[in-house]
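Take a look at the structures below.
Shared between the two complexes below is chain A, which has chain B as its partner in the first and chain C in the second.
Up next, the complex of A and B:
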C-alpha cells in the first residue's frame, strides 16, 4: 500500500460506486448526444421526405426547401441519407458490439475454466487478432466475404471480440480465486452454473465498459470501410456519403457545407457520445479511477505571532500540532500533539495503525498529502518554526537537515535506477557531482552493501538490504535529525535487529538525533530512550523508557505492553488490544480510549483528559493516571479482557 | 522461467502470428463466395468462357489439391513473389516496393509525433489532475478522437489547401522535376497535412495511457520518497515520468497497428501514394491479389512493431531484464 494512501484514506474500503462530478457531467453530455442520434434513427422515415437510396432529383443540387441538404452526384437526397445513416451506424455499432462481447465472454469463460490447451490456442488466436491492423483486416475480409450490412456487422465483430476476450479472461481467473466462488465449486455446483451465477455477475462492470468501447470502434470501422468504397450499396451510411463526396471532390466546391460537414459531424457526435458515456461507465466499473480529483486545500495561512523560541537541548519541539483531512469525511488525524525530541536521545513513537503517528511524521517533513493540511501548531526545528518558512524553504530542509527513512522499503526506491544512482542523487543536493558519487559509494558500504552490488537495481535486493539503502540515502547530506517510520516492519527478526543496531550505531557515530515510529512497543522499549504513545491522533502517554516500561500509567499503554508475549508470562493473544480503534471521523467527546478501556469512569465519556505532566517527565492523559489505587485494579493482564473493572 | 526459454517462447508467438496472417491470406479467396478464379479476372474482361476459366485455373495452379496450393503459395512468398496485379499485369511485389516507403514515412512520422505530443499532454494533465487544465485536455482529446480520420483529413484539406492554399492538394512528390533541398521542402509540404491528420488520430490513445500511467506512478512510494529526500519538484517529476514511459512505449508500438489501419483512409483523402491508397485503388478496381499483398505487408509491419516493443521493453524496465 502506498504511504500517502494510508494516511489520506483510513477507510478506503467504504468507497462506493459513485461518480465524480466530471464523470457525471461527461456521461450526461454523452447520453444527450446519443439521444439525438437515436431520435434521428427512430424518426428517419418521418424526418426525411425522400427515400435515401433512390434518385429523386437532378445531381449536385444546392440545398433547397425540397432538398434540405441538396442532392449527391447522382441525384439522391442528402438529408434523407443523413437521417437514415443514423440507423446504419447504430445498428452496426450495437450489433457488432453485442456479438463481439458475446463471443469474447464465451472465449474468456472457456479459456479461463478449461485452461491448458484450450487456453493456449484461444489466447494465441487473441494475439493474432490483436496484432493485425484492424481496419485493414476488416477491409480485406469485406472485399472477399461481402459488403452487406449484416455481413459487415459480423465481420467487424469477428475482429473486435479479441480485446474483451483477453480482459475478461484475466478477470475470470481473478474472480475464480474469490472465496465464494471457490466455496461454490467445492460444494459441487456444476462448472457451468458457477460460471453463470458468480463469475458473470462479477464481470458486469467490465462487460458494460467493454460493450461501449466495442460499439465505438465498430462505428468508426464501419464508417472507415464505407469511406473506402466498401459500404453496403443498398444502405447509404455516413461513410458512404463521404466516399461519394470525396470522389466528387466536394471539398473543392461550395458543396462541402452540405455534403461533407453533416455526415462528418454526425459521425463525430455519435462517436463522442459513445466515448463520453463510456468514460462514465468505465469510472463506474472501476471506482479506483474516480480518485483523480483531490480535495483542494485552501491556501495555507502562515501564523502571524512569533513563536516561543525552541527550548535548549531539544532537536525537535512539536507544539499543539493539528492535521486535518478534508473531503466528504473530514478527519483530524493529528489532534493537538505536543512532543519533544531531546538531543542525543532516541525517541520512540508507538501506536496502532491509524493512530496518526505517520501523519505526524509527514507533517514534520512538510509532506502532508494534498487532501490534508496543518491547521494549528508549531514545529520547532533548528531554531525556527518549519510551518513559517514557506514551501520552498521547507523543501530545502528535507534531506539536508531532516531526513526520513520511510515505511515499506520494498517500494520506496525507484525500480528503474540503480541504488548507487539514487543515493548519489540525494548526495548531490549538497555535494559536487564527483564528490557525491564517492560519498554515495562510501555510505552504501557503511550500511553494509557490497561495492560490487552498488550498480544493481532495487529488485535485486531483499527488503532488509533495501532498508539499508534507504538509510544510506537518509544519511547522504549529514542531516541532524532522522525520522524512521516503521523502519523494520516487514523484516524478519534477524534483520530487524541488524537494521536497528545500524541505526543506533549511526546515531552515536554521526551525532544524529533519531525518532523511531513503530506499532511494536517492545521493539521501541528495547531501542529508544524516550517513549511516546499515540492513540487516535493524540499522545496519551510519554516519558523516559525505563519509567514507562516499569510503571505505565495509561490503561492503553498497559494493555499494549501486556498484549505482547512475555517470555516468562502466560501465553495470550499477541500484539492486539481488545476492541476496535475509533472511527477517526467520529471521535468521542471524552477520552478516545473510553469505549475500549477496561476501567473507564462515567467522566471519561464526556471530558477529555490532558497530559498531566511537564515535558521531560512521565505524563499520561488519563483521569485515573494519578490514582494509584485504581491503577492496581488491572495489574493482572489475564484479568483485563473479561474482568469487571467496576 | 529461464531467459533462454522465455526468448524461445516469444519467438514461437511471433511465428504463430505471422503464420496466422499468411494462412488467412491464403484462405480468403478460397473461402469467399464463388470460385477463386473470379478474384483473378480483371473486371474489364467481363464474363469469361469455360475454356478461359479452365486455363486460368491451370495457370494459377488452382486445380491442384489445397495442400499443394498452400506450399506453392508459401514458396512464392519466401521468394518475394506476391502474384501479379490483375489491373495492369505488373508484379505485385514491385508495386509494393515502390509505395511502402511513403507509407512508412507517413505512419512512422505520425507514430513518433503522436507519441511525443500525447505524452506531453498526458503528463501535463496528470500533474494537474482534477483541475480545470486536466478536464479541458481530457475533453479536447475525446472530441478530437471522436472525429473520424477521413473527416479530419477532409477538413484540413479544405482549410489549409483549398481555402488558405498553404499546401498542395494531393500527392507526395512535385510534378515537375526538382532536386536537392527543394525536393525535400516539396516532399515535406505534401507530408504536413496527412501527417497532422494521422497524428491527431493516434493522439488520444497515447494521451490516455500517459495520463493514467503517470497518475498511478504518482501514487507510488518512490515518488513520495524522492520528495522526502529533498529533491526539487523537477527531479521528483523526472522519477515518476521515467517509470510512466514504460507503458507509454508499449502503447506507442502497439498503436502502430491502429495507425497503419487509419493511414489507409488518410492516404486516400490526400491521394498519398502509399500502401493505403493502393488498397483503396485495389478495392475500386477489384485487384484482389494486390489487396491481399497490401494486407500481408501491413500485417507484417504491425507484427514488426510488436517485435520492436518486445526488444525495447527490457531496456526500459530493468525488472524484466534477463540477469
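Up next, the complex of A and C:
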C-alpha cells in the first residue's frame, strides 16, 4: 500500500513524441490545406482588387479578368467575398473554440479538482447543456441577441464548451492521483498552484485535440447560421455567399460553378484541413495510437537447417537468443542468452530493471512487443523450436503448455469482473463451459481463496490475494511450464512467503516447471533450485543455487547479494552496486559490467568474457572467475565476512 | 552542521500522534473498518523512526495523518507544538512546507513536462522563496545527491535521465527545502539494489547534516533495523511493539513482530546463510 499507488501512469507517452508515417502525412496535408485558407485570410486585401461589401459592377456578371468569379445579384465581387470570407470562418472557428475550451477547462478543473458540491452542480449544468439541440439553440439565440460576429462566436462557444468539459473533467480525476500531483499537495502547494502547474499541464494533449475538434464544429455551425440568413449582415462570409446564391437561384443556373462551388470547396478545405491536422494532433497527444497505425515489417527468412534436438531432462532450452528493439536508438535487449530450465526444478532469473529478464520471458511466450523482434536463436520447448512453429501454433502453446503470471498483480486483473469469472474465462480455452466454472472454483480454492469470496471483485482483494488469482489463471489449462514475472514485487514480506510457498508446492504437486523472475536475488536464492543472473541483456552467472550462494564467481553477483540488508550482522551497513547500469543503446565493447566493477582488469574494457562452463554447471562470464587467487581480491563493501568455505 | 530551519522550540518532540483513530467505510459498504486504532507515537527531533508492518496494517494511513492529508476521526496529530486539527487550510499548507514526502516510486512524483531545475526548485517555490535564491540551493541539492556536473542536468526532462538519475532528482527535492520532517513511504521496495543504497544514504544525510526527523515506512524489518533509531511495529491499525531498532528486531516480544521476522527469515537467503530450510 502506498499513498500514490492508485494510478499507474502510462510511461510510454513520456518518451520523445514521434508520429507514425500515416499520421505525419495526413498532418502535413491538413496543415497545407489550413495554410491556404490562412494565407487567403491574411492576404485578403491584397488578393482581392475590390472591397467585398460594396457594389462594384453590374449584377450577375460571369467570371472575367476584372472579376475573377463574377459578381452577385447586386453586383458585389464574388472573389473578394471568397477571400474575405476566410477571415470570418477562421476567426469565428478559432475564437469560439478557444472560448469553449477555456470555459470547459475551467469547469473541468473546478469540478474535478475541488469536487464535492462544485462537481455536482457544474456537471449537472454540463449534462443540461449537452441535451440541448445545438444548432436550434444557436439559431434561436441569434434571433434574440443579434447577428454580429462577436455575438455568434460567443453563442457557438456557449453550446460547445460542455463536451470538452466532461472529457477534461474525467482526465482531471485521473491526473489528480498522479504522483507528482500528490507530491505537490504534500509539499503544501495551494489548490490554484497545483491545478495550474500540475494538473493543467497534463491536460494539454487532450486540450489540443479537443480544440481542433471544437474549431471544426464552430466553422460548420457558423456557415450554417449564415446560410440560413442569420449571418452578420455587415460581414460577408462563405455562409452568406451561399445564402445569397440560394436566394438568387444560382444553384439552378450555370452560375453555381462560380458562385456556389468556390465557397463550398473553401468550407470543405477548411474543415478537412482541421480534421486531418486533428488526426495528427490526436496521435501526438496519445502516442500509443501510433502502434495501431499500419506499418511495414521486414522479416528475414529463417535458416533452413533443423535445430539440434532438445536435451533430455530439460523443460525449456534457450539457445543464443537475441531480441532487438528498433527505432532511432536500436537496443539489443537480449544479447545472446543461453539458458536451460531443468525438469522439475525452479529457475530463478535475477537482474536489475532493464537487464532484459522480462523481455526474455516475453520472447519465450512469443509476446515480444511490436517494436521488438527476435533476431536470432532457438527456443526449444516440448521437443520443437517455438520460433519455427508459426504464429497459430505459438498461440496454441501459449496458455495450454506455457503460461505467464504477468508483472504487477494490481493491474493485470479486470476490475469489473469477479475473480471467478476471470479464471473461468481462462479455463474456457480447453474446458467445456460447464466444466470451466467448476475448474475455476477448484483452482481458486487450491491457491487459497475462500469459496465465499470467489464472486468478489479484484479491488476487494489484497495484493497477495490478487497474485494468487493470477496464479490460478495461469494454472487454468494445466500448463507444463509457468513463467512468473516479479510475482512478489510490491507485496509485504509475509505475503512474499505465502506466494513463494504456493508456487513451490504447485511445482511438486502438479509436476510443473517454473521460472521465477525477480530483482531480489536473496529471495530467489532461497526459493529457486537454479539461478541465472542477467546484466545488460546477457546472463553473467548461472548455476545450481547451493554452489552459487556458497561461492559466487562474478563480482556483480557478489555485490548484488551484499546490497540487501541482513537481519543479523552489524547495524547500518548495507552494500551497493556502485555506479549505474549502462545505456542499453551504447553498451561497452568489453564486459558490460566493467565500468562499475571494483576489480576490473585492463582487458575487461576491450574483450567481452563468455560464460566459462557448460549448462548445468556453475559458470560465470568474467575474466577473473577462473582465477581463485584473484577472486579473493573482490572488494566487499558491506563488510560481509569473506570467509567462504572452499 | 546546520540546525533545523524552524527550531524555535527545540524541546519536546517534533511530531506527536495522540490516540489517533481513523476508520473507513467497510468493504461492500457495510460498517466501518478501523485503519488506525488508538495510535500514539512521538518522533523526536533528529530521530529516524521506522514504522513496520504487513500490508493493511495502516502504515500509509498513518503517513497521510502525519502530513495532514487525512484528518483523524479521533485523537490528534501535533506537529512542533501545533495541533493540525486547529489549523485552517493556509496554516496547514505552511506547515506542510516543513515536511516532505518520499514516494514508493519516486519517479512518479516528477512532473514529466518540467526540467530538473524546476523540479528540484519546486519545494522552494511552493514555500515562496524568491527565484534568485532558488538557483544556488538547487545546485547544492543536486551536488549533494551526486548529480555532477550540476549544469549538465539542470535543463533535462525526467525522460532524459536514467532510472538512477531520476531517483536522485526525487531525492534532491527532499533535501532542497531543508524539511524538518521527512516521511518516506516504502521508498525502497520497488527499487533496484543500487538505488536502495542511495535512499538509505540520503535518509541518514537528512538527519545527520540537515537535522531532520524521518518517519520511514516499510514492511522490511531488516531494512528498518539498518536505517532507524527506533522501530514501531504496526499491526491491524494498532502499535503492538516499539523500541530501539536492535531491541525490536533481535528480541521481538509481540506475535505480530515475530511473524514478520519469521517471514523475513524465510523469504530470503544471503551469502553467509546456511542451506535453505526444507519446507
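Quick note on the criterion: the second predicted complex is superposed on the first by the 398 of 646 C-alpha atoms of A that agree within 3 Å, B and C clash if a C-alpha of one lies under 4 Å from a C-alpha of the other, contacts with A are read in each partner's own complex, and residues count from 1 in each chain.
Quick note on the criterion: a contact is a pair of C-beta atoms (placed from the backbone, for glycine too) under 8 Å apart; a residue touches a chain by one contact, two chains touch by 3 or more.
Note that this is a predicted model, so its numbers are computed, not measured.
Contacts of A:74 after superposition: neither chain B nor chain C is touched.
After overlaying the two complexes on the shared chain, residue contacts for A:589 are found with neither chain B nor chain C. With both structures placed on the common chain, the touch criterion links A:39 to neither chain B nor chain C. Shared-chain residue A:404: touches chain B; no touch with chain C. In the superposition on chain A, A:510 makes contact with neither chain B nor chain C. In the superposition on chain A, the residues of chain A contacting both chain B and chain C are 2-5, 460.
The part of chain A that touches chain B in the complex is made up of residues 2-5, 22, 26, 124-125, 127-128, 131-137, 139-141, 143-146, 220, 223-224, 227-230, 239, 242, 245-246, 251-252, 256, 260, 264, 267-269, 271-272, 275-276, 279, 289, 292-294, 296, 365, 367, 395-400, 403-404, 406, 408, 411-417, 425-426, 429, 457, 459-460, 470, 473-474, 476-477.
Every residue of chain C that touches chain A in the complex is listed here, in rising order: 27-28, 53-56, 59-60, 63-64, 67, 69, 92-97, 99-101, 103-105, 107-114, 122-123, 126-127, 158-159, 162-165, 173, 177, 185-186, 189-190, 192-194, 196-198, 200, 219-223, 225-227, 245-246, 249-250, 259-261, 263-273, 275-276, 279.
Interface residues of chain B facing chain A in the complex, by the touch rule stated above, are 13, 16-17, 20-21, 28-29, 31-33, 39, 129-131, 134-135, 138-139, 142-143, 145-151, 154-155, 157-158, 162, 169, 212, 215, 219-222, 224-232, 235, 239, 242-243, 246, 257-258, 260-262, 264-265, 268-269, 279-280, 283-284, 288, 291-292, 294-295, 298-299, 301-303, 306, 316-319, 323. Interface of chain A with chain C (complex): residues 1-5, 9, 14-16, 178-180, 182-190, 193, 197-198, 201-202, 204, 352-354, 460, 462-464, 489-497, 500-501, 504, 519-523, 525-527, 545-546, 549, 552, 558-568, 571-581, 583, 640-641, 644.
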